[in-house]
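Common to both upcoming complexes is chain A, partnered first by chain B, then by chain C.
This part shows the complex of A and B:
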């Protein structure tokens, strides 16, 4: 394998492979993407894979998600069918007090162009008759949906390969240094050099950052997901915590735990998750759970994406975020604009790693 | 519910462990996901002539009945049709009968989850008529159904030859034992005595074809292709321990090819890296019936020793005897598995810095001298 590249992208999850793909579209750069395992063996392969917008706040963050969701249909025309479905998203609430909050959310999101409706119980049940009669209402938006993450990442990689990008899997990065203005990436399979470097290591971003002497303020958050036996199609929307996949299985997940990179399922959470699902969709009470899995999500300290150049490291870039599935088409596009030296379509200042320094100095 | 000892899996290892523990006064609970106890022993019709000295040599299903009857006379809680489905943060185990789930707080757990048969893949392997040797054995011995009329066996370990013989005894024409190496894996020559089963060494199945089921199989022997008209292919490529329940219990794993691949680490008491979680039987790495029975018994004896439930001098003597038997049987039947097992144990003791018991000196001495 060739040793020198224009760009090395570390990480081939949904974020890394999208960046590699979008960079490769220009066909003017030699790109290498390196992953410690195989794509989908980590975070990107253990997700509910919502493309979810409507209740992400504040509005500027919702807006970022909206733009990315809007790119999906365009993306599918380029890389192929990733089973993106705009099912509409329902986020139920259980008390009248929450209706006030819901109305404020709708108002705020409207300012950036996200259409959110606040539905009464009857309106929700009309849309999704299997939901519990004990809900008080829901926020709803047409823009939400889901995607098949396996197809998405496979097609990002396939399209990138077609455009000439190279991939190296099962190849952990052990060190990163700078030599004569080039990045030297020491991997298990040897040294690779590049002019530009992108860290897209998801939950491993912190340890990758350490190789460059920087702190990437993210946490690893475990989400446990419960999967039911295949059922006749009966849920047509993506519902807060619950969705039915094409094969009839219902995926359920609400939990967030900080337990490090521990992929085990615990019965406490599995049972809580099942109970919660029954609160939302009572018919699930009679259904068998066939498996559980956990995903380790990336959670920046303040919840928002870390995107852009790495301060103090010329030609070094980072992309680390929660909601990588939703954000990947936009992040790939923006990072490509950034690495190509142009102006980014959206100002990335707000997402810079710098923001954490200023927080510290104020604190 | 509370119990001194929870045994997950009611096959030979679990049943023997349960007997040892309960007959010494430990409050013991056995769960098994199947509706009968005995596990894989139920369809083993072959005669075991090398059981531990405190057992009478007998056929597999007879041994199952013996172990079950013996246990039922004791005060043991036996829950058939119950599965372990997970663990809670407080360390208790979630058990379900499919309708409700309850927590079992156990001071000790012995997990005898067994092993899975390894498949082998060739073009046509998904056709009906291709099955593992274990599946063919269940069909003939338990379900009383002939799985085919003419068969090829892929693999040549002891189990492959046993099943070949049982199929032959049932009137299935076994057309050959296909082995990729240049000698049989099984060193038990007696298994093929007095039966007319061809052995195809340096051979591999290239593909199986047929309309809706296996009809023809192409076998490549040293570059020469031959066609077999068979309707059954039994794959016997060895076993791999079922370790997922150990992962749930946070047990560290290790890789030992000779023991079937990934399996939990364990020490000379068959305790895993998770305190009070023990392992025995096939889950502890491929083993013969003697080893299955003995590992269960050693684990149970270790728990008795720890719980002061029996005279410690007596227990030590017993463990010495059990280990002696394990060494005797495994060094005769599968010396490379024994070496690998002792490796696992030695590594564990090395990592924890806990000395191996003195009574194992001869076992490990025997290894290094041999």
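This part shows the complex of A and C:
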């Protein structure tokens, strides 16, 4: 395998593979994407894969998600069918007291062009007759939807390969240094060199950052999902916490635990999630659970994406975020603009690693 | 046995589909599962696990004992949602609770 590249992207999850794909579109750079495991083995392969916008706050963060969601139909024309469906998103609330908050959300989001409706119980039930009558109302927006994450990442990679990008899987990065102005990436399979470097390690961003002597302030937050047997299509929207896949399976879950990189499923959370399923959709009580999985969310300490150049490391870049599925088409586009030396379509200043007070060189 | 021989009966995945995933670079049962759905059905890989490991070994030359089996998870068999739920109320937070107002802490942990 060739040893020298224009760009090395570390990480082939949804964020890394989108960046690699978008960089490869211009066909003017030699690109290598390196992954310690195989695409989908980490965060990107264990998700409900909502393309979710409407209650991401503050509004400027919602706006970023909206732009990315808008890119999905364009992306599909380029890389193929990723089963993106704009189903509309429903986020139910169970107490009448939340209606006021819902109305304020709708007002704030309208300022950036995200249309959010606040529904009454009857309006919710008209859209989704299977939801519980104990729901007081919901926020709703047409912009939300979901995608098949397995197809999405596979097609990013297939399209990038077609454009000449190279991939190296099951190949952990062990060290990164700079030699004569080039990055030297030491992997299990040997050394690779590049002019530019992108860290897209998701939940492993912290340990990748350490190789460069920087602190990447992210947390690992486990989420556990319960999956039912295939059922006839009866949920047509993406519901906050519940969605029905194309094949009829219903995926349920919204748990959060900070337990490090521990991918086990635990009976307590599985049981709690089963209760949540019945709270949302009472008819689910009678259906069979076939399997469970868990995934590790990448959660920057303030919740917002870390995106852009790495302070103090020339030609070094980072992309680490929660909501990578929703944000990947936009992040791939913006990072390509940045690495090509152009002005980015959206100002990335607010997403810079610089914003964290805790940022200090630990090298 | 030809390429159309079914390996995963639950999801009807044949040898050809398993080999395509290996050609894409997959080397473990779980990595093939996510590309093909092999092992995601009701038997939870009880039938196909060793067949797939054997195909990986045959195609890549990697010894069978080095090919990791998938992680075992609850429930080990198909289980009714109601049986898992028991009778307590759920403490899992709703997504709506994430929408914060200016000044509030975002992504507050409630669990």
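Miscellaneous remarks
Heads up, the rule we're going with is that the second predicted complex is superposed on the first by the 357 of 363 C-alpha atoms of A that agree within 3 Å, B and C clash if a C-alpha of one lies under 4 Å from a C-alpha of the other, contacts with A are read in each partner's own complex, and residues count from 1 in each chain.
Methods note: a residue touches a chain if its C-beta (ideal position, glycine included) is under 8 Å from a C-beta of that chain, and two chains touch if they have at least 3 such contacts.
The structure presented is a predicted model; accordingly, all values stated were derived computationally and were not measured.
Contacts of A:254 after superposition on the shared chain: chain C is touched, whereas chain B is not. In the superposition on chain A, A:94 makes contact with chain C only, while chain B stays out of contact range.
Between chain B and chain C, C touches the greater number of residues of chain A. With both structures placed on the common chain, the touch criterion links A:268 to chain B but leaves chain C unconnected.
Of the two partner chains placed by superposition, A:185 touches none, neither chain B nor chain C. Touched by chain B in one complex and by chain C in the other are residues 264-267, 270-271, 292 of chain A.
Interface residues of chain A facing chain C in the complex, by the touch rule stated above, are 37-38, 40-41, 45, 55-58, 91-94, 98, 101-102, 104-105, 108, 138-139, 150, 154, 157, 167, 169-170, 226, 228-229, 240-241, 253-258, 263-267, 269-279, 284-293, 299, 302-304, 322. Those residues of chain C that touch chain A in the shared complex are 24-28, 30-31, 34-35, 40-42, 44, 71, 73-75, 78-82, 84-86, 88-96, 98-102, 106-107, 109-111.
Of all residues in chain A, those touching chain B in their complex are 264-268, 270-271, 292. Per the touch definition, chain B reaches chain A in the complex via residues 85-89, 94, 101, 247-248, 250.
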